[in-house]
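These are the structures, in structure tokens.
One chain, chain A, links the two complexes that follow: it is found with chain B in the first and with chain C in the second.
Presenting the complex of A and B:
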């Protein structure tokens, strides 16, 4: 039987949520910024490398929000996994990182959550090192939607965590 | 009638669907998605795959706003979707409300808002980054120039000393090259320091009375020689109407005029350099004086006129014109401190004219302080003076030792570590302390504070003269507050050192 899981991307606006999904689903990228309003929902089937499980990811691309508490709760019903995305070139998008993560973990304690520092192509490794205490200690993946770095890994890694959680 | 109009003109944009608890469609109208009866909700759009769980909870009403769907014509529509469940066997209702027009307007607003927020954040970041870079650059330059001064002081002092030994002509010639190279290097370092002070907003004018005619004549004699060496003629016109004594910053005026003349000579291969000064007017105890430096050199293209005042810009990047190109930038900033500006008039191939009007204070009651003589006076008495030098740089130690030893009336004691200063003072009698500021593990101004707190009067009153390259406004304030009496700027020459010391040994 085909399993289908709901993945939700959240984070400030303009951090690259739609771009990461576009890279993952269509393997394309555009510099043009089209603001997401409400939510776009896309589907992609993946085969997990470790377990060989086939799984359909229903990916919810939420509109960006600079205040996580304004996220519409209806969008989060039935979520199986979260991706929290921020933009390493804009401190405003990671200033409230720790609080935001607490907010999610409080309300959805058992739902796998991965933290992503995006736009890696625009920063140096030194910059990432320097910010170890600022955001580094939280981050699971540094990605670039533009170059494609780590994008597939993010989704498969989260999918694996989701499956593992479902088997519990 | 109303019913008829409604049928004709109101177009329903909502679709109502009745489903079972598994999402299988039992009933539906065909407003947006036609022919869906018998299919499952998830066949309409992946959105519905994620709302199955909502169907199972009885007596709930969920509203999902602003959901993007794709209609059968493959167009995106933006909808609100209501899922209503009931008690018992009553099947749930799903209503899809097409609000595309409404949300399209919202999209436009959100686009403008987000873009402007992001732009301002990027701008902020850029500014922060630039400011950091700028501050770093200034600090770097200040520190670096500071580091260069100690060894340079060593070179200058020892070539002076070397000059007084018995050298043959060949050796003297070599020494002259060393001399002129290190003097040039010293000038460069001073220019770079000036620029970094200017850029950090830390350069202030020091106003005091001086003889402007004398100053112009001094400059004339220096540059007449420089012009002559290049086969050029220096023509000067100093109008008789010039006042003699004015209030202003003589040092900086000399710097501005020298930089303009230096520049004129540098970029002129043949012909003349003309140096004019005249009085414009006297108003409210202020004299406005016009200065002009005119050359017959290569000239400046019109589109480059602005650039020539920028640091590190040299129009002609060829090797023939050496120098960092700081002179004009410094001159421009210095003149702007007097609320004036330098204007340029230039024709390529014919030459350039730089002119400026500078205001000086004209106060008849101000008496010119007697100018300090440059020549060193012989020691006033046979008394010997004891001087404590606190300095970790060996080159500076040696330079001072050499200079003072040649005078014959000084004992010099040296300590290299801050913590040794107080014990040494307690156990000896010093007439004066020369204090380096940046010592390993301590600072001269901090040590001076301790000296000023010593219990014995003859200890805490010893004059302290700082030896330092750090002479920014803030630094000087700090030294004064710490109780330092005076400052000798590194690199220093024999004259400055000895006359400063003598000033405090009466």
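Presenting the complex of A and C:
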């Protein structure tokens, strides 16, 4: 039986949500920034390495929003897994991280959520260490859509968490 | 040594620098004359400059002249509509004529095919219907050509937009992405009209009509080609209602294999 799961990416404008999806689905990257309007949907079939399950990830790339409370709730209904993405080079995109995460966890308590610090290619390891108060507490993955670092791992890891949650 | 010779010597002494300067100017002038008068020499110096300027001009042209050209063209078209129509009419006319001819040819071939199948079950049925109703067979065939035809049926979970079940006679579209986008459009329409009571029920996409029938946990999207008449729509709504109430049950929603089989069995012969 075919298993499909809905994955939603949220975060501020220009943090690289669309680039992460494009890297994961098409294995491409472009420097040209095109703002996402409304929502864009892509899909990818993956085989999970641990369970060997085949799963279709239907990925919803929502338009960026500086205030998470402005995200259309109807787009979030029925979500099986969330990816919260921020840009490590722009503090404005992670200043409200804790509040944003609380907002998601309050409304979708049992839905797996992974937090991603993107644009790793633009920061040094020292920078990450210096900001460990924020990054160390929350971040699950440091990614770079440009180089592809950790991108597949993020989606695979989330898919595994989604399947685990579904089997509960 | 006479007076004149002395004067000459004096001149040479006094004007030596000026003479040398005049000679050098003369040489330079000669070189310049060569440069200007001989095309090869001149082009060696001028061509690289011209090439750079031309390249820069080509690069900048869309920015600098683009808006002016667009505006001029718009004004010209606006002011000379008759001339534009006159110029385009033969081309457009030919295109439309060609398209209509092609479509009529396809229609004619389909009618011939239908008429040639004299001993087919469909033909016998049509003859019988024709005799009974008094409508000619030709009219019936033409009517059949434009008949509404179900191309694809998708049962989609309301919130998530994930496909629960799907049936199509031809593989053509990425169902998962289309189901997601339909759900996103429905959600957007609901948010935009700030009501949860009303639902998006119909979308037209070029030659296809997408009928959306909403139920509590899911909705059914039916892709239809041909004429989507009110009669067909009414019948389709009744059938989908019957399918939802009498054919499927709650557990089928969790098992797409069983759901697929039921959907295929029910709509295989369009059943409408």
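Keep in mind that, in the parts below, the second predicted complex is superposed on the first by the 168 of 168 C-alpha atoms of A that agree within 3 Å, B and C clash if a C-alpha of one lies under 4 Å from a C-alpha of the other, contacts with A are read in each partner's own complex, and residues count from 1 in each chain.
As a working rule, a residue touches a chain if its C-beta (ideal position, glycine included) is under 8 Å from a C-beta of that chain, and two chains touch if they have at least 3 such contacts.
Please read these numbers as outputs of a predicted model, since none were measured by experiment.
S.K.: Are chain B and chain C a fit on chain A, or do they clash, once the structures share the same frame?
M.R.: Chain B/chain C on chain A - steric clash.
S.K.: Pick one for A:4: touches chain B only (first), chain C only (second), both, or neither.
M.R.: Touch partners of A:4: chain B and chain C.
S.K.: In the overlaid three-chain picture, which partner chain does A:43 touch, first (chain B) or second (chain C), both, or neither?
M.R.: both
S.K.: If you stack the two complexes on chain A, which partner ends up touching A:13: first (chain B), second (chain C), both, or neither?
M.R.: First partner only, chain B.
S.K.: Which partner does A:58 contact after superposing on A: first (chain B), second (chain C), both, neither?
M.R.: After superposition on chain A, A:58 lies in contact with both partners, chain B and chain C.
S.K.: Can you check which stretch of chain B gets into chain C in the overlay, out of 24-32, 276-284 or 384-392?
M.R.: 24-32
S.K.: Common interface residues of chain A with chain B and chain C?
M.R.: On chain A, the residues that contact chain B in one structure and chain C in the other are 4, 6, 38-39, 41-43, 56, 58, 60, 72, 74-75, 77-78.
S.K.: Would you mind writing out the residues of chain B in touch with chain A in their complex?
M.R.: By the definition above, chain B touches chain A via 45-47, 49-54, 62-68, 78, 103, 106-107, 110-111, 114-115, 117-118, 121-122, 125.
S.K.: Spell out the part of chain A that touches chain B in their complex, as residue ranges.
M.R.: Contact set of chain A toward chain B: 4, 6, 13-14, 33-35, 37-43, 56, 58, 60, 63-64, 66, 72, 74-75, 77-78, 89-92.
S.K.: Can you name the residues of chain A that touch chain C in the complex?
M.R.: Listed in rising order, the residues are 1-2, 4-6, 38-39, 41-43, 56, 58, 60, 72, 74-75, 77-80.
S.K.: Note which residues of chain C are touching chain A in the complex, please.
M.R.: Residue positions touching the partner: 157-163, 174, 176-177, 179-181, 184, 187-188, 190-191, 255-257.
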